Amino acid sequence: MYSVNVRDHFMIAHTFRGDVFGPAQRLHGATYVVDLELHRAELDADGVVVDIALATEVLRAVVSELNLRNLDDDPAFEGLNTTTEFMARVIFDRVAARIEKGELGPHASGLSSLRVKLHESHVAWAAYEGALPARSR
Amino acid sequence: MYSVNVRDHFMIAHTFRGDVFGPAQRLHGATYVVDLELHRAELDADGVVVDIALATEVLRAVVSELNLRNLDDDPAFEGLNTTTEFMARVIFDRVAARIEKGELGPHASGLSSLRVKLHESHVAWAAYEGALPARSR
Amino acid sequence: MYSVNVRDHFMIAHTFRGDVFGPAQRLHGATYVVDLELHRAELDADGVVVDIALATEVLRAVVSELNLRNLDDDPAFEGLNTTTEFMARVIFDRVAARIEKGELGPHASGLSSLRVKLHESHVAWAAYEGALPARSR
Amino acid sequence: MYSVNVRDHFMIAHTFRGDVFGPAQRLHGATYVVDLELHRAELDADGVVVDIALATEVLRAVVSELNLRNLDDDPAFEGLNTTTEFMARVIFDRVAARIEKGELGPHASGLSSLRVKLHESHVAWAAYEGALPARSR
Amino acid sequence: MYSVNVRDHFMIAHTFRGDVFGPAQRLHGATYVVDLELHRAELDADGVVVDIALATEVLRAVVSELNLRNLDDDPAFEGLNTTTEFMARVIFDRVAARIEKGELGPHASGLSSLRVKLHESHVAWAAYEGALPARSR
Amino acid sequence: MYSVNVRDHFMIAHTFRGDVFGPAQRLHGATYVVDLELHRAELDADGVVVDIALATEVLRAVVSELNLRNLDDDPAFEGLNTTTEFMARVIFDRVAARIEKGELGPHASGLSSLRVKLHESHVAWAAYEGALPARSR
């Protein structure tokens, strides 16, 4: 199995609801450094997992929708806690949707799965990994 | 699959027995930077893999039992080489036991597996990954 | 010249005012990983720059006043942009004030200067370095 | 499952062929920081995954064959794009061949798989992971 | 003294001339991860050292002139060894020239000095630090 | 001012004496990742601060004298606390002595100062920086 990883980041504000969050129920924020890892069983004819320039652009497009915003104001997250692990899944879903739309180009047809990891500090991170829908492959 | 990771460290002295260890048979020591990665198929109702504050406390409790000690003096390791990979398993077992006792709270019931990684320098690390016992899940 | 550095972090929300900030004028947030570096010409009788446990506690106390908050709501920052470089100075001033109050213990009498560095992402950081007031030394 | 990882690096020049590579079709170069991760179900009698000194030597030997060279001049890569993911596989194959020859010593008989990760910058890396041939195990 | 740092990278091929370089006299290459650190005694009216978006653009412009090229073919470096420390100075000079031309905007008038650090691997880096010409300040 | 940095590491056991050290008075240990930074006003005729291969060898020689040992058994440290900041100075002095003996070659005659930084964990490090004796320059 081959993997390629590209990195970007975004900076957001949010609150959490639930006693388990303690003082994080207050309005605060985070920098999320994002690693998007793309998996593929074999290399394509050019010898790559994916066009890394396109992968960088797709990740940039997805994080730009979230960057420098208060996630509490985003209707997509209404009634949900935008925890680090939850946001990893959000980015997974949005990247997967763009792959289905063909934004990663013809190379992406061989991709089998993705892993999205969000680093929230030097001591904590969260990730979501899943297979790509059949149509993407 | 979702993951959450918390990081801590501990500093120990020890010796190794066996010609394979060369000069590491002498009394020496190490800083181990520990990554505890917890895995879960789905998020709970709060949108989390685990209560990260409790996970941090549990990891702190486990490394505190080892920190600032000579592992050669610990009866638990008598006759054993406390290599980095061995210590990764020790921490896995001790965290798993605390999860079984309920120290991670009700959230932890959905955890499926753990990965413990110990960084011993900027060029070497070791890890142990395994499923949690049925009762933990 | 000797240096000792301890690291912690805090997570905040804020807005910036001024066209230079572009989309960062919206409510957003950041994780700041903080490095507090303490400088001293000579080691004390115990062979240390400072009691590192006390330095860790003082840094923790200072970042706890800011952690998990919206800086826009803090009267201390009214009418000011809480940029990364500005917050580095805020932490410098608050650590220096605690040193003057004796919170770093008798060891701290030899400290000559501090450097506070705030990492806001994997590609950007800011710092403030300055001498300690005469009374601290 | 246990893992042990050792790190080294090498610095090469190369060109890529194919429009997908854009300006990287020009002669350029890269530093590859290499992580060699070795996997094993159980520890051996000494409590290790592998003799880490030998693993470091084997990785050093493999990267030395590539270090400080123009990969375009290497007959092994004629007509191929020496992308980061491709080179991860090259190093995997060469380490696996040395394991088969016994260069990792008797400890290595229990190794089940390897992962080779090449970091090409602070924002991009690629990896190849695969099982070791039956004879190695 | 305040500092702000932005990071980028570039990937080049080159050779070195002189016995001191040993096998690095062969055509090879490097990834340089670049840190551009800008220094200023006091913050401006917006509370910043420099417009960080402009600093990122200027650094990007400077590294783009060098990225994905064979430095041996660049007339600017004819007869010179493009070592890591030499390239740190090249980037310093080119950023300083752009500051003189006003590319960092009115904020940059207060900048006193720059430090450019080039990381060539996980174990080696080089830097050049110098004052800005009087006109820049 | 130019700088070049090389990195290595060593792993030791030791105890500290004095109530300020709390539980670190017990026998324990540390991994020290060492950065040796060499400073020089101008590059030499080859375009380098120092022969980086020789600098790497000298650092390796110095840390090898300490690596995989109990510092409490070393007569050089009798009656002294081998704290991180103290060990940074020890390495500074030993590297400086080797420079005086000519081990860095003719290039080293222009070196003005050194900085030695020891990373003891992901959250703490210490350093010593000083001028080289006149004879070295």
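Note that the chains take the letters A, B, C, D, E and F in the order they are written out, and that residue 1 is the start of every chain.
In this text, contacts are C-beta pairs under 8 Å (C-beta built on N, C-alpha and C of every residue); 3 or more make two chains touch, one makes a residue touch a chain.
These figures come from a predicted structure and were not determined experimentally.
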item	value
Repeat of the E-F interface, chosen from D-E, B-F or C-E (over half of contact pairs identical by residue number)	C-E
Chain B on chain E, rotation in degrees - Cα superposition, rounded to nearest 5	180
Taking each chain's C-alpha mean as its centre, the one farthest from chain C	D
Chain whose Cα centroid lies at the greatest distance from that of chain F	A
Mean-CA-position distance for chain C and chain A (Å)	31
Separation of mean Cα positions, chain D and chain A [Å, integer]	27
Distance between the centres, which are taken as Cα means, of chain F and chain A, whole angstrom	41
Contacts with 2+ other chains: residues of chain A	7, 122-123
Interfacial residue positions of chain F with respect to chain B in the complex	7, 9, 11-14, 23-24, 26-31, 33, 67-70, 73, 119-123
Chain D residues within the chain B interface of the complex	1-8, 43, 46-49, 51-53, 105, 107
Chain D residues within the chain A interface of the complex	18, 20-22, 80-86, 88-89, 117, 122-130
